[in-house]
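Two complexes, one shared chain (subunit A), two partners (subunit B, subunit C).
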Partner chain A sequence: MIELDVIDPDESSDPQSDTSGPTFWRHPAELEEEASSSDDEDRLEFGPGDSEPPSGASRRQFLQLMGAAMAMAGLSGCRRPEEKILPYTRGTDEVMPGVPQQYATGMPFRDVLRPVLVESNEGRPTKVEGNGDHPMGQTGTSGFEQASVLNLYDPDRSRSVRQGGTETTWSDFVDFCRQLDRQQNVAVIVEENSSPTVQAMRQRMADRFDNLRWVTYSATGDNPARLGTQQAFGRPLRPRYNLGEAEVILSLDSDVLDGRHRDFLHNTQSFADGRRLEDADDDMSRLYAVESQFSTTGGSADHRLRMQARRIKLFAAALGAELGVGAAPDADWSERERVYLREIARDLREAGSRGVVLAGETQPPEVHALSMAINQQLGGLGTTVTLFEPDASDPESQDESFADLVSDMREDRIDSLFMVGVNPVYDAPAELGFEEALANVRHSVHCGRLRNETARASRWHVPRTHYLERWGDGRAYDGTLSVIQPLIEPLYDDAHSDIEVLNVLGTGVDANGYDLVREQWRARLGQAFEEQWRQVLHDGYLENTQFERASVGTAQVPDLSAPGDEGLEVVFRRDPTLLDGRFSNNAWMQELPDPVTKIVWDNVATVSPATADELGLEVDYSEGNFYADRIELAVDGESVELPVWIQPGHPDGSIGVTLGYGRTLSTTRDGYDTPFWDVTDEKDVYNPAPIAGGLDADGNPVDVVGSNVAPLRPVGDRVATGAEVSKVDSDYLIRCRSLGTGATGTGPARRSTRKTGTASLPARAPTRTPFPTFRRTNRHRAGHTPATERPPIRPATRGRESMEGERADTASTERRTWRATRNTRWSGRRIIPRTSPR
Partner chain B sequence: MPQIFPKRANTLPILSLVGSLLGGVALIFLVWYYFSPEFTTVGYQPDQPVPYSHQLHAGKLGMDCQYCHTNVENSKHANVPSTQTCMNCHGQIKTNSAKLQKVRQSWANDVPIQWTKVHHLPDYANFSHASHVNKGVGCETCHGRIDKMGEEGVYQAEPLSMGWCLECHREPELYLRPNDEVTTMGYTQPANFVERNLDRVRAEGIQPPTNCSACHY
Partner chain C sequence: MVWEENHPKDQPAMKDNPYYQNQWGMSIDLNTCTGCNACVVACTSENNVQVVGKEEVSNGRHMYWIRNDRYYVTEGDEGAEDPEMLMQPVMCQHCENAPCESVCPVAATLHSPDGTNQMIYNRCIGTRYCANNCPYKVRRFNFFDWTKTLPTEVQMAQNPEVTVRTRGVMEKCSWCVQRIRQSQQQADNEDRDLRPNEVETACQQACPTDAITFGDLNNPESDVVEEKQNPRRYELMAYLNTKPRLSYLGRVRNTNPRIEEALSSEQDADAVAAADA
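Our next item is the complex of A and B:
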């Protein structure tokens, strides 16, 4: 490991002498606040406007006005509610009312299965945790597993089979499947999955139909890591990064520490292992991030370089050339970039087999192939990188097969199309014209949890079960096999799993998912099936089923050409909370702020301050709210309107957008018709439309959150170039938790000044030039509370001991059958008493 | 001009003052008592679908509470027994009783009997049977003489208000009993029970919480 001196001459004008004001800020607007504020300390506890008397219709006024009405309405609450107790009819040994149980199962996430333990309260799944006993060896989960429970109870879930938009029955659908002719041209579009049973169903369909097309589809296109290893080694492999073994890590736009990454838990844990210092001799790994957005990985990096996504490709090639892999491309580098290139190459070369280069999903397969070649050159294959040999992986590009399928659909060469768990009408690139092509298909069937855009455009719609209510199987990232066992019967009788639907298509027989999965596993387990089956269900995995380690030859170094076209680039990503729209109608995920921008309930076009300046875009900050300009973003004739967000650390000339917004879902529940004085009606507590956005009776969108950017995406890529931006209007309110902390939230955990900060590292602190794009309004500062009036912060008090005992008693959670008891302990919660500043 | 008010009207202001004062105090006491759970909920005795008599089963036949309410030591709920528990005996005795019609129906159709909840705590108050029973709070202490409640159903014997809970949480030594007497009905404490309970409180570290978040979390 080397110590880098200040490597940026632009910012090296002795940053240690500049101690005026804090270097810790969450948003440029805050930086400006600080600059004009004499005592920045009072911002620690109270947010702007907190000391103001409430203006407008405040909560207090509302309560005063409503007090009388409430009191009268409340009288009906005096009536004793009559509650019923419904005991089981047949006693059960397993369920003890009031004591939750845990079951091992797995959540399908893209093309892997994430092993989880799910808590069940009297037969209702309520909480998802990681399965720590699984060979993957991690107890935690990402936010998606946590929020997946709410998807199960989503009131807007599709409830019945539909044909041509009107309700029909499951048996009608089975009849329809039976009548399908053998000579028909049948195509199936499935979501990415890892299920051996789905593969078996595919075989059944191939046996039944002479012309079967099977296409795997994902909202952001094929996995470039898969295609990259195909380019490098001749077959698709699955790389796993052992970041704990690495001394020097270079991330090329790779968001490895984000929950969206397939191997997220392994990455975070092994990265933490490499950073942990337990005694004086321990070394820390060093993380370099070269990225086209401000990501959580970049936030964890020691050195971060912002760069347009299309130039990262060149950076990778130039780095490869420095390390003796491939030829250097023809590119101009800034001074800062050149220093980074030199120092990263030097650092990686010295680290040798303990250096690793990771390529991210926004990068094309060539960059993945090149990073594999670099890792091989460094000697990292086998130490920092493990290559798994997946059992079944089509070598062809999914993007190409999908595009082929759509053109066949348009030319009437497809008679029946089955779409299972996918939503291409919403998220396929517009240039393919999927929706028009779909109208050409005689029999189109959509199987999905929600009655979404594709469901409405298809002839048939079959509700799909949630993973907590279906039998299935799959493989974890390392290949370990698991069975998905349901925790509850399907909430709606018509809902069926993808395995059941595909089996009906393949055989015409309406079989139960349980029998289908067991049939496959019986062949796999062989002897003593029942016993092993029970063990697999109990443990949540089958032992010793990891993928083989691949042995590979010398990696082919791809030819990386310089990007031709200039202009603005647009980088498409899955949303950090909504993914590709799977979690759109999930209030927890809508409410969860973006990890960097802290924006909720909206998607934005993220640009750098310089780009915003160039385009004449502004975000106005006033009284704790952000008012953004809205732009029309056009790529190749397709356009979408989005609010803009100015993010320091974002590369210039690049626009970041996320998928998953702008949904139009059709709900089947009844509208809101309870009169407001009827306070005893607790049945209908929902809005008329789904929270992500719905349609009214005339088919017009209502309550749509954000805009759908997926149609703008170019086929087979995640980066579009030559985008055009024009301003539409201003003063669009962005819901953002960027600054509204203080007394209402948690302030920064730690502050530092430049003096005590990282002296040997390049100065990453922002320059003090105010960002011209932020206008600040001073109104709210008029009544700011002086620092002396602030109540003192008292030391934290601990929860009482007796309480710990009792909670351990009552909240003990028993894992199903002979598993150790987990204690949920009250862990010294901080209580900071606070008096109102008003 | 004649006087409108006679002289004795001079006492009116004083009378009305005293009256309103007394009336106010009386009103406070009336609200205090009549709006309290002690008045509004004690004695609540809803109709039950099956005329089950605790008086017969627990009193006369002497069945232990835990024969049916099996999970009371392990769970926060003292479960209402499954139909199967009823049918264990009534599959063989009183098989033709008209009163058991609904039990037999439930067993045959696999549909639960819908009992009406008597002891109702608000949703914001968390209560665990296990932590109380295992620390020596008797069934009778909260539920009264269940063994005397007959076919007309169980009624609520205690107010189950927060103040009532806190009486015991503040001075548990006045209410606890040995664990093997928890299900006893009509238990009489021995003369030295306060010392005995204080010993137990010390030995087992029983500290019933009185902070808000102990129950309201």
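Our next item is the complex of A and C:
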């Protein structure tokens, strides 16, 4: 019997009953519950109805039914599923059975490549980690890298080339490409990418076809940071924010600390560098967030101001005027907003070159240009902001080129259209009428991983390889070149990479991606190619290939006039878990809660409590679940039905929606039914349709998760105004994970507000040593070292450092006595070059 | 202390074990955690955590081993419309006085000599007493056989180092015990001691801000030892005396006093105006 020691009196007091401090709550219903609950009512232990006798099917009926079921089922249901194993008899030099290998490669993400290390178990990639050796200097990943491995094993991936909906072969497609006439009007829509080899393939196509249109397309439109720097400095530049250097940071609706941001890893790590505290009195940066949603950036902020997306540009202009950049706009500010405006401006001015202003993707290019001008005024260019000069960047707006292309398609000016890695039928704005225009094109080809909405609307469909099974290349955010090396052969024979498909189009030759990439790199690397190539594959990057730092003149200050738009605004964003739909059919991401609302398996229209009141909308809370009203959201004649979500901290008069839901995917998998006593078919998330939603035999949607909001988006913008909302029905079940998982909450996190000079922390020195040998270390980390200078956390890479030199000089007295078993595993997370072509 | 003398960890049987040399601990810095969810996906990928679908999530039967609790924070009764936010990743706290262990009738959840709270799936008979007794609500029960029906392709994404769980079995965060054992075996093969910070859990490795620190508390060179000296350190629900091996470093807000002053004086002015009216 263990006798527990006496608990500290100040620890034993239940913090929940302490009414003096701040209140921690997870949803409004909890606040109300707390206010109304009385002590004698033990409502946390048992839910309503738990003490009532059960109704419906009785135990006796259940046993009768199960008895019959068991008799019918026989004894086939064993506890363990039957499994077959395959011998791993054919070994290779590098692979030792049971020893996972790591390979350096890169994940294409929007228009950058994120450097990663991928673990492979006997040739089967299973886990993605960050590549800490990369010049970007980051360990860690976002959730997207982690989940990308499941996209490879998506059971609904497209498996064969299709023409007019029926299966055909890759060689048929090659023949089709060879027959294309040189005088044809050919257009290509590609996803955002950073690959030099794709650019070379573009050149090959331009050489073959007299009239080639090349359009880069993204589901939320062009990158406003690119267009904004163009406005400010006359050419598109790529800003990088060194938040670790900053003392005062202002985020203008920026998702800078969100995995969706292109430079997420650098942002979040450098932000953390400025927030890491050895001692409570250490210096620490201050983050202001002015935002039109409640984001993780706002959640990390020290001061947060909610504001409609369309008013943030006025806020930016007013702030610029306070700091001597541009003219103040004509706007009415509330007292709170005026205080923020004044004090943020003062704080930024005092911080000088240690202050930084960031604009977000929902903001138009003008705000990005203005924030660059403010940063220049503060002296931050060069300290908190680095401007990279990208090697090849089209100065024209992608949105405009895409709109031009669609109108040309409608007027029969395009003969052949190739769409690689994009899904415009699903996510192009409805006002463009892309699907009708597509029907006008004689030859339309879609190349994608899934047979999605665009694949079905195209004449041809070619399955595309996942990045873990194709050769390719690309540039990281800072420009560092990497080769994408595959870890596995394509799972399906017909699947080809974008480079291979574009090469067939450009030359008519069916070449291997490996040869195509090497051909480009041979020209780049020149001397000692094989050695350097090996090195690049081993390290995952080519050294000294960062973009040049740009030197710029004085930024042009754009004119930010008053919005004049009335009514409700709708702000469109990529989903924090599904992105623009690329991760829709990924079970991990569907069940990953939104970081703020914690909603899983659904998208919602987010409104503030006051706006919900005004519109007469409600969300009821009952026994751990939310039952929401559903609305019809209409913008310019287009409408979509969505459940509503009341979000504290959301700005009034604004509705937030996310893309990536409402998918209809075609699959070759068949659904299955189990007998009525076996609920397996109902519980299996992969049954009967794809995770994100599919089509039945008659073409009707089945099991569709959420609704597609992309058609409502205005062309060239992420904010729509004048939205109309009408209630459709009520009691739509919304489930939040991480809210009330059990009988009690786990109790609040601790937090303290720092006043100037004095720290009021929940400080508590450890009163007793937890272990006999626990003692204070004499090592002290002086301040925080920037990520690039920190020694790598990963154990030594083979061939670089000797294991002997790494031997830990610990005080432990004796070595372990146990012996390694026969099934010894090496956990050295080494990077091994993949030397043989596939 | 009386209990310290009698504690199982001091019994000869516990000490006579090679694993006893390492005592694992973790700390999470709430000041650098932004709640980006990378740790949650990394854990799913590493530990073969299964997906259950919307209906079963609404029954409270999701399987995630680590979750990101999001709290809204308000001062007093005001401000429920515009609260602050605070993120806190919560996983098994690996309590030294683990409430789950004492209620298991079949000793399926036990303390390991190296100080982690372990699940032995083969022994588990699914009473769920442990989940009921866990104050942190981090234990997950397999109400159905989620792995039986996985498509072949998805089975290929599973980590071979981690057992998949069948129906009727409780599971929870293991602090990536497979990675700990791998590192120990490797160190043993190389005839050396474990280096400080050699073992990284999946959540720690994925964390872009290095908010999660894991290591051997017995090794003074470990980062986690230093982190635990931080004055911001606290343990979740420490008043229950569960003695978690997982510590948090409290969040500090660097507020601008001028804004707070201006806003509070404005509120006072409003109150005066309201009183006058």
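Note that in this section the second predicted complex is superposed on the first by the 643 of 838 C-alpha atoms of A that agree within 3 Å, B and C clash if a C-alpha of one lies under 4 Å from a C-alpha of the other, contacts with A are read in each partner's own complex, and residues count from 1 in each chain.
Just so we're on the same page, a contact is a pair of C-beta atoms (placed from the backbone, for glycine too) under 8 Å apart; a residue touches a chain by one contact, two chains touch by 3 or more.
Computed from a prediction, not measured in an experiment: that's the story for all the values here.
When the two complexes are superposed, the chain touching more residues of subunit A, out of subunit B and subunit C, is C. Once the two complexes are laid over each other on the shared chain, residue contacts for A:523 go to neither subunit B nor subunit C. Legend: residue contacts after superposition of the two complexes on their common chain; A:593 is shown touching subunit C, with no touch to subunit B.
When the two structures are aligned on the shared chain, A:509 is found in touch with neither subunit B nor subunit C.
By the touch criterion defined above, A:610 lies against subunit C but remains apart from subunit B after alignment on the C-alpha atoms of chain A. Look at A:126: by the touch rule set out above, it reaches subunit C but stays clear of subunit B.
With both structures placed on the common chain, the touch criterion links A:327 to neither subunit B nor subunit C.
When the two structures are aligned on the shared chain, A:439 is found in touch with neither subunit B nor subunit C. Of the two partner chains, subunit C is the only one touched by A:294; subunit B is not.
Overlap of the subunit B and subunit C contact sets on subunit A: residues 80-81, 803, 806, 809-810.
Contact residues of subunit A toward subunit B in the complex are 78, 80-92, 96-99, 800-803, 805-806, 809-810.
If you check the complex, the residues on subunit B that touch subunit A are 40-41, 44, 46, 71, 74-77, 79-85, 106-107, 110-117, 120, 128, 130-131, 134, 205-209, 211, 213-214.
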